[in-house]
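What follows is a set of structures for review.
Two complexes are shown next, each including chain A; its partner changes from chain B in the first to chain C in the second.
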Partner chain A sequence: MRKRKGFTLLEICIGMLLLGGVLVIYLQSMQSSKKKNEYYSEHFIASIMAAKVVEACFQEADINLYGIEALGLVDKDGQGLTFSTPVTDGQTVFFKAPEITLEQHPHLYSMFSKDFMLDINSEKDAKQYFTLNTAFAWKAATGAGKFNFYCNFPGSVLRKEPHSTFAFPEAKLEKKLVERFFEEKNKNLGTIISSPGAREVALSTGRIYFSTSSLLADKPFTEAFATAEKLAAEPHAPTSVKYYQATELYFGIARDILDLMLFLKPEVERLSKDLDKIDSMNLRTKTRLQVFIQRSGLALDKLRQVFLISVNEAASRYRAQMQSSTSLKSQRLMIEKCLSMHRLMIVTADFSDGVFVSDNAYNIIRSEYSLLLATLARYFADKDQSIVRLAAQEKRFADDNMIKDRYFVCDLVYQLFSEIAALKAKLPDPDPGVPDPDLSVIGQPSGNGTAAGAITWAQDQMNGGSGKGLNVNIGKRICDDPKAWNDWNLAFVSTAYNGSKGELLVGSAIDSYSAWESKGKVKTTGRPPAGAIMYTAASAGNPYGHIFIATGKSDESGDPIVITTGSSGSFDGVREMTLSQVVSWASGKYLGYVSPE
Partner chain B sequence: MMRRKVSGYVFPLILMATISIGFFTLTLVQLQSSHHDQLQHLNDYQHALNLACSANVEVLSELREKQWDERFFKDKPIYKYDQELFGGIYDICVEDYDTAQYTFNVKIRTTMGDRKNLFYWRQKYMPNMLDFTRMAYTVSFGEFPPELFEPAKKSEIDKIVDDKLKNADNNYAESIDIAKNLKKEPTLGAVIKKLGALPPGTDPSSIKGESQLRPSSPVLGTQASNQPKVKASDVLDELKNLVNPVDRLNLPAAGRSICNSNLMIRSEPWGSVISTIPPGGAVDVIGLQGDFFEITRGGTSGYSHINWIAVPGHTPSGVEPPRPPGAPPAW
Partner chain C sequence: MKKIVQNHVLRADCGNRGQRGFTLVEISVVIGLVSLLSIMVFRFYFQSNRAQTSLIEGLQMQNTIVTGVNKVLREVRLGTEFIIPDLSEQSTVLVFSDFENNTVAIFPVLNKELTKEENENIYDLYRYKAVTKDFDLSSPVHVPANLALLCSDISDINFRLANAKSLTVTFSFKKGNKSYQTVTEGALMNSGDVK
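== the complex of A and B ==
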């Protein structure tokens, strides 16, 4: 019973020892737990921040082909750089906006200011993508803290091969050429053109001509064009579905034409380089080929013009849409497209004739681009730093004339447009030939209103002809009086066309020229076709100017042969002579010609 | 009695306290372990996502090198298992989805510890040259149960993505309308009311800041060009004249002569005359050779110039064509 009254000292000691032991374990656990919690917390924050860095890199690379460079993680040659910086120094590109400051984020600041270092090592793989090791190192409560992510990012080298759905099928090309260009059937191209170099020129011409024809024959393309023009002419707000639709249509038109033109680039280069290889072909075959070379060259120049107009229109519309869009995602997409189009405009500014009504295309293009970049930089300063960096980078590329070097398509398009300009300057001027004589006007007082009739009738007034053309002004004919048409050159040409052209029913040759000129009908380049109405200017000795008709023929030196009336001071009657002789004789400079149709 | 009872509780109390602290300590360790597991899981997931994204970048990089026509997955789906990257393991499948639309699927199944994740990209290759800063864009991205990676499950996962895209497409117009309507609401409370997001009986005024006017969004100052451009359709018309419309005809077709006298049918382009067509006479146009239509009329086959024969899509000029240099006279 006495024993059961209490515990022995030994029992108490054991109890206290047990309790003390457990308390020690508990306190140690608490201490360890505190440290581990702190470590896990820091580790977690580090992982979140590393994920933020990785995400920022993806965002940057998504909108900017040179995004990793814009972040300063690789140099301008794409070679890796080591990036090591404290997080809270206000300089770290990933934590600059918003910056981690003591005032704004005291807890984060106190954590990151303890030697929290962001280290990024970048490395370019042989396959042109970047591998980034994003690491955080810090002095953790448990010792050295470290966390890292490896991740790949797309590289800046991007090339595509041009494809066009409008490319004329190679399997059908030779047959088509033989039939359409050379008016033959069931023959090989080799039997028509023996020179391999000339054959290649013909094939290149065919690819350009028939592929362009395929584009123009494509119903969706022509309908898209018509719809875009219609919608653009209507007053739709930039927020409206129809405005967006027109923008996409213009973008699609520019895209289709660019794909086709770049696909045809090797053909343009060949034509430009090897045009002289067709010189040895026989006259008829060469002339036929020259006709299509000329059409193809001019068609390429028109494609250039339509492409640049469409690109300008699409870029302009994207700028308007961006203004009213409040979605950052859609703004980023539009910025990406818009910048690409502006880059193309910048590099081809020297080839932008026929795009703007104003002839100051170069300045318009550069000022619109500068304004766009400045506006983007200003607006996105507190919203999306990747766009701010992109705008700054673009400005540098443009200022340093680096756009061609940085974007392969810009370089290709510049080369292409240069080639087209060079080709256009040396396009052949094929002999248009002459129409068969129109026998119905022989012996008649006037022509019948057609070009063939005009030439036949004019030739009938020359020596050996019937000379029965009637000058109604004086009631005389050459068969009766060799001087019947002397000094009546305008009346002669008008009679050759049977008085059917209003522009010839005026007071003088120079008035007639002015009438055509005001309608934009006068041409000064190329060979005047048969029946073309030609002019020389007024001079001190001849205030009325001179008018005459082209025969469509040329002499050996390419000088056009024309039919002209004489004058009291030179010769009587009607003669054929070269244009140079007329200019010399009429003492007025050559003004140009009007095609008869 | 009382003292005896009190003194009898000391040891059990110590024992209880010891056991309690022991349990508490164990619980703490368990909590710590759970906390650690959660963090580890989060980190593993981020690692898995990075790994999958990195593997996808490698796929795109390979596509860049070989171009679309020579893509490595052109003929059949490519499955690769147990690939290693950055210390992780992944399985990958790359396959065409709809070649007409240039779409392809990339499925990447990562393994981190004992956990697997399946990431799925449907991507669209952009063959055009105008989008020259972008080779492909993601049509759809998602995470799916890892077992759907297997070839036998291909149609199942594709269907899920198809349905998701179709659903988004169906809802697009409506979502635009909703966004447009919500933009008009002046206050947060009005927006919530419009959305019908308040539980029944909730007083809207109890929402913090409900009456506060929504700040107007700053406006991006980019503007459309005010420089008038040449009309593209005028240039297109000039282009259409350069590339003769006759080259865009669908032949054979029915035609007729527009010549007001007898039109010649020649044996070949610029060849001898073998017959004539009376004014307005009908012909079957079967082909094009040079600047001549190949025609048949009443059993006679030959060639008549395009300037005088009308067919749907071609309005003849009615101009006597010049004889090309080198072409022999017809008679």
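== the complex of A and C ==
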């Protein structure tokens, strides 16, 4: 029998099984490879989309300090939230323009409609920052898909340590105090004021007085303000270069004043807190210091007014520029500045006395701000949603009185103005007969023809002032030569009135008196008002008589306080003293005064 | 009768050498199995090859997208102000001013060769910079050096302003059987002002 051999059924089955097994493994591997390939594509797209969301967050935070809160990613207390949303068909703010729709983006739509969710988790971190985890999660064919993008954003309540850039010459302060406040030479402050507390008050007063005088007499500063006022009075279109120039000048003035006030904040606080520490000083020193404290308070108050005028002007001008601008970028920049200025106006509305004509400034400022926000929301409704969100958020802040809590500059300005108001309340009321100083004449060679200008200019020639008044007869100024006005009392008063009074353009003080007398203008009764021109008679030692200016103030005994020049036989420079002291020193009897007109 | 005898002789010879031939059925089965195996091996090979090609194409496409998107964003970041499109409008062309006040345009140009291959409009994306100081409006001159290719394989592109400072770009890429769409955002970095 021949032996014939083929495959048995078992062998064939095993062979088929092995072949089938290999086939299944291969198909699974192919399927897995396909799914992974698909997953990598989805992951790649998710990473690009997450970067887009983070960029949108940065853009929101760029125009709005609380942009992340406006987007709803943190709550109003700055605490973290978990935000989860589908991204197709405009279901989230991050994909609204353009929306991901089936018609417009079929590939993106088919991917994102597979249970694709944008998950943003914000977690409050240290140092006022919080971490934003932007994640895309989806139902990938390989299992759960997820892409995370971590980045930090500023927290909702951001506090900064304010720093002033104002450079104060601290090294010369004590010397200046001794020479100008107390009119002493070659002494140190410790020998004049023994109490350390009172000495600190004097130093703070010096810092306030010298820095404010220096700013108010600073030529670029005064010229900037004058130029801004001049340009503002002219009819320039909001799109013109000159209109923009005036706005930037006002903005710069407000910024410079804020910088100075920031430097002065601790000094104002100390002065307000320790004012009673000067009570132990001797009468002469204390009186001198009180004069300068009063002047410092006045200067601070003047700065407050100039600041508020500048902020108000800048706010209304930025608003006009924004409305007239055709450039998108300019509009966006203008919004930031315009809102900043309006916020400052809202928080300082309680301190705006003497600045606005209306008694109802607080309500007017708030209603103007509401109107501005409503206009912004309406205008940008179809253009820029981040501005619409910003306007809505600002309205909430304003309605809930949260502006100063939310913006540290506003809080700082509020604190500064509160301190100034507290100090002002502690200072004695200014004499009603004394006009506000006319700051336009500070640092000028002459007065401007008004009574307030004459007094301010005369005070500016005293110790502590700029001393830039020019005696044209000899071409000298006190800042160059302390004897510049010695024995030139008639020229001094005439220059204070800018040569505007013919009766002062005569040969001597007594001739001037005669000129007024002949017109029946000289009065001998009543208190001389501020700016009154006063005379003492000629005497054997002084054949020309003496002329000086009334400040409108008087001492405790009712003796009028005047400003007079010195002489070669008495003192150098210009001083304030009582009328009795002048009569005694000038050795001629008091003749009377002429009221300024 | 003769045929039977011949067959017998043949078989007798084979049997004598301890060898035997294959029947037709056996040969047919073997050829069938070998063919099946060959088909499977070739199929495995082509599928693997196709999967690998697809993976490489995907990676190439992702590389094209990353490079293209980054190049566009880098150009936009040099800008100071958008000129086209306007807010709330969208455009396939982007025009903006850069920090040297030059006018820069980013625009798609039809790639005829790829369009024929893909049977769909495929574009290359170019950037052209009109240098203001050298540009004479009365006799404009094309400077080839100012033209740069940003990316290829684009089937559609749209520029839309998210706001005055920020731009949203929607790209559609296509190559072979691979299609991608993506949305990205970039901002002007030179605002031109100090806060």
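Throughout what follows, the second predicted complex is superposed on the first by the 315 of 597 C-alpha atoms of A that agree within 3 Å, B and C clash if a C-alpha of one lies under 4 Å from a C-alpha of the other, contacts with A are read in each partner's own complex, and residues count from 1 in each chain.
As a convention for this text, a contact is a pair of C-beta atoms (placed from the backbone, for glycine too) under 8 Å apart; a residue touches a chain by one contact, two chains touch by 3 or more.
Computed from a predicted model, the values in this text were never measured in an experiment.
Contact with chain C, but none with chain B, is seen for A:L108 once the two complexes are overlaid on the shared chain. When the two structures are aligned on the shared chain, A:Q331 is found in touch with chain B and with chain C.
Using the contact criterion defined above for the overlaid structures, shared-chain residue A:A515 touches neither chain B nor chain C, since it reaches no partner. Shared-chain residue A:Y40: touches chain B and chain C both. Using the contact criterion defined above for the overlaid structures, shared-chain residue A:L23 touches chain B and also reaches chain C.
In the overlay built on the shared chain, the residue A:D384 is in contact with chain C alone; chain B does not reach it. Touch criterion not met for A:L579: it reaches neither chain B nor chain C. More residues of chain A are in touch with B than with the other of chain B and chain C.
Within the superposed three-chain model, A:E313 lies in touch with chain B and out of touch with chain C [touch as defined at top]. Shared-chain residue A:I100: touches chain C; no touch with chain B. Chain A uses residues 23, 26, 30, 33, 37, 40, 44, 51, 58, 331, 336 to touch chain B in one structure and chain C in the other. Those residues of chain A that touch chain C in the shared complex are 23, 26, 30, 33-34, 37, 40-41, 44-45, 48-49, 51-52, 55-56, 58-59, 62-63, 95, 97-98, 100, 105-108, 327-329, 331-333, 336, 382-387. Across the interface of their complex, chain A is touched by residues 40, 44, 47-48, 51, 54-55, 58, 62, 65, 69, 80-82, 87-88, 90, 158, 160-166, 168, 170, 172, 179-188, 191-193, 195 of chain C. Only residues 4, 7-8, 10-11, 14-15, 17-18, 21-22, 24-25, 28-29, 32, 35-36, 39, 42-43, 46-47, 50, 53-55, 57-58, 60-62, 64-65, 67-69, 85-87, 127-135, 183, 217-225, 227-233, 235-236, 238-240, 242-244, 247-248, 268-270, 287-292, 317, 319-327, 329-330 of chain B touch chain A when the two sit together in their complex.
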